[in-house]
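Accompanying notes for the structure given below.
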Amino acid sequence: MLEYQAILEEIAHEIQPFLNEGNVASYIPELANVMPTHFAMSLMCVDGRSFHVGDYEKRFSIQSISKLFTLAMAMQRVDESLWERIGKEPSGSAFNSLIQLEYENGIPRNPFINAGALVVTDIILTHLKDAHATVLEFLRTLTQKDDINFDFHVAKSEAATGYRNQAMANFLKSFGNLEHEPSRVLNAYFHHCAIAMNTQELARAGLFLANQGIQPWLKEPVLTPRQAKRINALMLTCGTYDSVGDFAYRVGLPAKSGVGGGILATLPNHFTICVWSPRLNSKGNSYAGTKALELFTTKTKLSIF
Amino acid sequence: MLEYQAILEEIAHEIQPFLNEGNVASYIPELANVMPTHFAMSLMCVDGRSFHVGDYEKRFSIQSISKLFTLAMAMQRVDESLWERIGKEPSGSAFNSLIQLEYENGIPRNPFINAGALVVTDIILTHLKDAHATVLEFLRTLTQKDDINFDFHVAKSEAATGYRNQAMANFLKSFGNLEHEPSRVLNAYFHHCAIAMNTQELARAGLFLANQGIQPWLKEPVLTPRQAKRINALMLTCGTYDSVGDFAYRVGLPAKSGVGGGILATLPNHFTICVWSPRLNSKGNSYAGTKALELFTTKTKLSIF
Amino acid sequence: MLEYQAILEEIAHEIQPFLNEGNVASYIPELANVMPTHFAMSLMCVDGRSFHVGDYEKRFSIQSISKLFTLAMAMQRVDESLWERIGKEPSGSAFNSLIQLEYENGIPRNPFINAGALVVTDIILTHLKDAHATVLEFLRTLTQKDDINFDFHVAKSEAATGYRNQAMANFLKSFGNLEHEPSRVLNAYFHHCAIAMNTQELARAGLFLANQGIQPWLKEPVLTPRQAKRINALMLTCGTYDSVGDFAYRVGLPAKSGVGGGILATLPNHFTICVWSPRLNSKGNSYAGTKALELFTTKTKLSIF
Amino acid sequence: MLEYQAILEEIAHEIQPFLNEGNVASYIPELANVMPTHFAMSLMCVDGRSFHVGDYEKRFSIQSISKLFTLAMAMQRVDESLWERIGKEPSGSAFNSLIQLEYENGIPRNPFINAGALVVTDIILTHLKDAHATVLEFLRTLTQKDDINFDFHVAKSEAATGYRNQAMANFLKSFGNLEHEPSRVLNAYFHHCAIAMNTQELARAGLFLANQGIQPWLKEPVLTPRQAKRINALMLTCGTYDSVGDFAYRVGLPAKSGVGGGILATLPNHFTICVWSPRLNSKGNSYAGTKALELFTTKTKLSIF
């Protein structure tokens, strides 16, 4: 049996030199205020065991990791018709590129680039009275932590400076791929991204993805086994921006990263693993976080490949 | 000596079958309300003679033709440094494309595509207290017609539905190529585009472009001869969206078109000629208007080539 | 224990209506001569068991599936420095697109698009005296079938009509990313693609990919476990042209397809599975073959996710 | 009356500091052997007068200026149907880009980018038994100089290294937009580009472009007035690679440049002017040549605008 706790501690030690590589995201001013050398890693097994190392109780801005949960919420409500408005292919471009959106008439490549997540948010707004509250409620239920909340400073900071996302939402609307006004979709989107959680909570929240759609402590399945598998497939092909190929090559796990420095990965039927370190590589993924996951799959020889 | 009046009348006759080709712009709902078979043509010579045919007293939405006048206003105020924020090359793409803007880091290809005109508007806002009033004042002075005004229905209609331009302004801002808030730039821009003028007034307003920068009835030159020439060069290479090559090939005059169906062309040192017919070809230029100008340069053998 | 033979037969039955969907590849004239309703499926387990259904003894043109084996040969010889000349990311474009190659200065996105495979072939040519013979030898050794050979008609047909690949090889050379003359690289490439094998042989040839790099009946490992995993990762993110996302979503196995209608997939540590049906979907993957694999992973609930 | 000789000499003096700017084309090895500080300028008026300065008797590789003459030859033979295979729009991209060709299904943007000139050459090959001899014959007739010839070293040098053009011709063929084999089209094309002429001869050869299609010393018109005008229009919108806008803005004359450092410009109904200086700016146009033409139109106040 693998000594997970020992392995995590080994990684926390070996990762030290890498914590100074890369840069903290600066495009949301509020994100730049975080101490850049934080490091945390949490492993949550489908059998209930969990292991942690580093700052795993320190909350950070989950940013694009929220896209996993909003996608799950949308799949609960609309399933396959979802894919008439969003593709399932890797973008091959930066997460905030507008180029493909223009070439492909307003259909985002996948639900994990910003444009796709805006359409997912638009779908949620159609089905929910209070999208803000429901997303929060969903994460609180998944984790059984009632104090998970928005970081309103981050949400406000992004709303005030997020011209690129403003451009994207208006662009989607011009192609008729948003039902609601761009400002309303953006407001919900910025809030989802601004939720603050720690690695322990994220690993716990995402367990259904590694567990056939089931969150063990909840009565009802979150998703069907097939839906959970499909989100894993999307994570592998689209979850780490335009470095999915390199990430699959090095780490070999389905994963979703965020510019807050978090990465949530799964080994289906085994565990979720969440890592956090704020400095990002040139593709927008946590520099040390990616390295830590690579060390983990190398040491444990566990990956999907 | 050419019998301009007879030629214009001949064209007005020959153009009849073409008035049913193409489609009225529909992306601004208010523009779709115009009667689609209008036709007007006005010729204004540098020696003061003028000739007209058709609905030349009927005002229409000048739309992108306004970009000529806002560019002139910007050149009066900033001249060459202007070109650090805007290119001078044909775009090779649709007038509202965001693709090149992304590849070229927020520097619009030229001042006549929408993105470039938004930057021109931003520059004007920096130099003018009341951009709305000053643009109107400029056109009233150029034409000596005090009742030229905005069509507020068109401005409002575009503001309510112009998601593509909203996207573009926010995209420019995200690259740092707007000083003012996108909403303020768009408000000014939508108003400039919504000015209503007739062909007689437009031919008159643009005379300085064909006349070395001088409006004969004004004391001060509008532009230097060199500036006027340069706007003509820009009109030829960038004035008719992504059909500048075909337009130069068929018509052979510097020109600026608008989706309201107007086209203002010049033969430097000789005349301006303005044509209007609301139905557009697939590139966004007046279908019958382009044809009428082609007939004109064929009949008169006058062109810059 | 899963009844693989029964499942394959079930699929062979259920697939019948799908055998008329899609079109046989026509860009290589010789390929269009195949009977379009062939269907075969072979499963090869790491424990040595194998199962087959349909035309599994009928050889077909392996086309791009050869890229798996040439990549393995290159990795045996150069390993990580390989990635200085080829990327590891999905292309997001058609398999024969030149656009990204130009934007990215002659570095192909990955080794499975045509441009990338040409660079792999160029690398092999640098390390091998007789590339033709060695590739054939490699496949004969992997399968222990000595009569595997080129289909010279197909190779000749592609050489005579493959202007797009000619363009690509010359384009790569213009960027300095081929060491050898384009004609020599193309000659080798066209021959590799023109190898004829059946599903039984392909499933057998690729077993090392599912088996930590080891071909059980050979003394030496073909690749290290890490190298084998990495090829699996590349198959998943880049192996099925521009539908890798959809393929992962539906099938959930690393796979490499060819325009001859074959697809070779792996479930690491379990098996390889090869399917063949000549009619292709719009992305260039076997229509019925993709569907058959989807049925297989749905029925067995076996996938990497 | 303008003192053309004095003006040319003034320019030859003022241009000295600019002769060291830019770089000689190196992509054809043979072109790099020219002495980089050559400068020549020739003016040929429609009334028969001519003026020269500098190395106007020194021949150089006309390169893309040959595209003017092959286009004229094609227009003599096929006229408007030509435009079904080639566009008339500026490319907005580098002269040897393959990107638009792919997006636009093998229809080159215009006859002056390499891809367009290859199609023009293909058309000529369809109509002429011996394209090599006929192009040479055409230039000898236009100039009445019987010793104009190919520089076979340059032709051979380009054939040996022109992988980019090889790529382009094969790409065109793959779209079905070449009738002949790529190798044959390229052979003709490389020879046309490798013709050696001096500025005096080029200004003389192109006079029909400024003179309504008529070469005064020939019995038959070369082109109709309309055809000559249209080539001028194409020169203005497409003749100087991706700096047509800037060139029109600064110089204001229709022109065609070549990477040998020559530029042939026209002022319709007045003159042709040819300048040569081998060092190129970043867009592939002669650095000092462009500057000399700008000085000329500034000093004479003669331009089409």
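Letters are used for the chains, namely A, B, C and D, taken in the order the chains are written, and counting of residues starts over at 1 for each.
As a convention for this text, a residue touches a chain if its C-beta (ideal position, glycine included) is under 8 Å from a C-beta of that chain, and two chains touch if they have at least 3 such contacts.
Keep in mind that what you see is a predicted model, and the values were worked out from it rather than measured.
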Set of chains whose contacts include both chain B and chain A: none
Number of hops, chain B to chain C, where each hop joins two touching chains: 2
Furthest chain, CA centroid comparison against chain D: A
Separation of mean Cα positions, chain D and chain C [Å, integer]: 47
CA centroid of chain A to CA centroid of chain C, Å: 32
Between chain D and chain A, distance of the C-alpha-averaged centres to the nearest whole Å: 55
In chain B, residues with contacts to at least two other chains: none
All pairs of touching chains, each written as two labels joined by a dash: A-B, A-C, B-D, C-D
Residue numbers on chain A that touch chain B, as the complex places them: 97-99, 102-103, 163-164, 166-171, 173-174, 182
Contact set on chain C toward chain A in their complex: 87-93, 100, 109-110, 225, 229-230, 232-234, 236-238, 242-246, 248-249, 252, 254, 268, 301, 303-305
